[in-house]
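As written, the chains take the letters A, B and C, and residue 1 is the first residue of each chain.
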Amino acid sequence: MLKTLTIQTPSQGLHEFTHEVRDVVRSADLQEGLCTLFIQHTSASLTIQENADPSARRDLENWINRHVPENDPHYTHTMEGPDDMPSHIKAAITSTTLSIPIIDGDLALGTWQGIFLWEHRTSPKSRRVVVHIGA
Amino acid sequence: MLKTLTIQTPSQGLHEFTHEVRDVVRSADLQEGLCTLFIQHTSASLTIQENADPSARRDLENWINRHVPENDPHYTHTMEGPDDMPSHIKAAITSTTLSIPIIDGDLALGTWQGIFLWEHRTSPKSRRVVVHIGA
Amino acid sequence: MLKTLTIQTPSQGLHEFTHEVRDVVRSADLQEGLCTLFIQHTSASLTIQENADPSARRDLENWINRHVPENDPHYTHTMEGPDDMPSHIKAAITSTTLSIPIIDGDLALGTWQGIFLWEHRTSPKSRRVVVHIGA
């Protein structure tokens, strides 16, 4: 089973969409299996992170912005704006794809885990994530 | 087929558990397929690395500790100890999930590849890794 | 279905092999499914990146070489040459495995996405990537 989700991201940062993925998994009506997510972009990525305390996500975003800064004089790929080349680098060191087991008809996430779309561009974007559910 | 492994980690660093995964794959009795691992935590991660020379793993651990240090004054998420926020960042730039093909009833790892749980906290932990095996 | 691709890499950097993966997917003759790639090496990795402008790939390669340099005096694993330890670190912070959905019998890549083998060693290598295709 395949379904494409469209996620609107208001700005740079981590945007949780666990609920949208969970809805797809429940509608598949499969007791055991594997749910794979794939983001169809190279300037945004996927990550599983703590969904309890927002300070962890802010520190994560700050860390990556310090290590992959805008306006680095080494960049040559600069035509699409100062946030474009950092976006590709951030996508390369995080994840384009994630696979989460399905147990008892639901995502087998740990207690504090949430699924996040990590938007690396600064302006609002519409992002497509393909969800594959298999046995 | 699904099985949850519990891995005890004595301390920060790379802990090989190839053998435990191989046992699950062999018990599945499947000639060809895919073995997917998912760690149910956000302060530990998974990686496939060289299992021959322990100096490579030490250098890897040292590199990540220099780039994601404890007690960085930028961190605000500090209530759970100095090793907590670095753990989330390390998990984000490594892997929560891995998929390894099964060929001839066994994991199709390269000659020097081992499967490691990368513990990012400093104290001993009990970690859960869900193993999914599909055709 | 499983197939092992052999990719010759002339030098360090990003080498696109979308075409070779697409050929395997088309020969599988499956309308919907999941294509998983696994690289059987610890000094090269996989990534999905923009395949339009080569300047993005050059900047990406330059960024990783600045953050994971050769001849770092902290390295102790140095017997296999100055490019060996950086290769393991680069592999750990990028991807060993990727899963791409199959829609309408083809890889469901976004408009600008290509599949790349990221060679981290400096000399020419022959690399094996196992392709698994499942429903």
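Criterion: a residue touches a chain if its C-beta (ideal position, glycine included) is under 8 Å from a C-beta of that chain, and two chains touch if they have at least 3 such contacts.
Model, not experiment: these values are computed from the prediction.
Trainee: Counting only chain pairs that touch, give me the topology of the graph as line, ring, star, complete or other.
Mentor: If you draw each chain as a dot and join those that touch, every dot ends up joined to every other.
Trainee: Compare the two sides of the chain B and chain C interface and say whether they are made mostly of the same residue numbers, over half shared, or of different ones.
Mentor: At the contact between chain B and chain C, which are copies of one sequence, the residues are largely different (under half shared).
Trainee: If you average the CA atoms of chain B and of chain C, how far apart do the two points sit, in angstrom?
Mentor: Roughly 20 Å separates the two chain centres.
Trainee: Going by the touch rule set out above, which residues of chain C reach two or more other chains?
Mentor: 67, 93, 95, 99, 134-135
Trainee: Which positions of chain B touch chain C when the two form their complex?
Mentor: Within the complex, chain B contacts chain C at residues 32-34, 47-50, 53, 55-56, 58-60, 62-64, 66-67, 93-95, 98-101, 103, 108-113, 134-135.
Trainee: Which of the residues in chain A end up touching chain C in this complex?
Mentor: My answer: residues 1-2, 36, 38-42, 67-68, 72, 74-77, 85, 88-89, 91-93, 95-97, 99, 128, 130, 132, 134-135.
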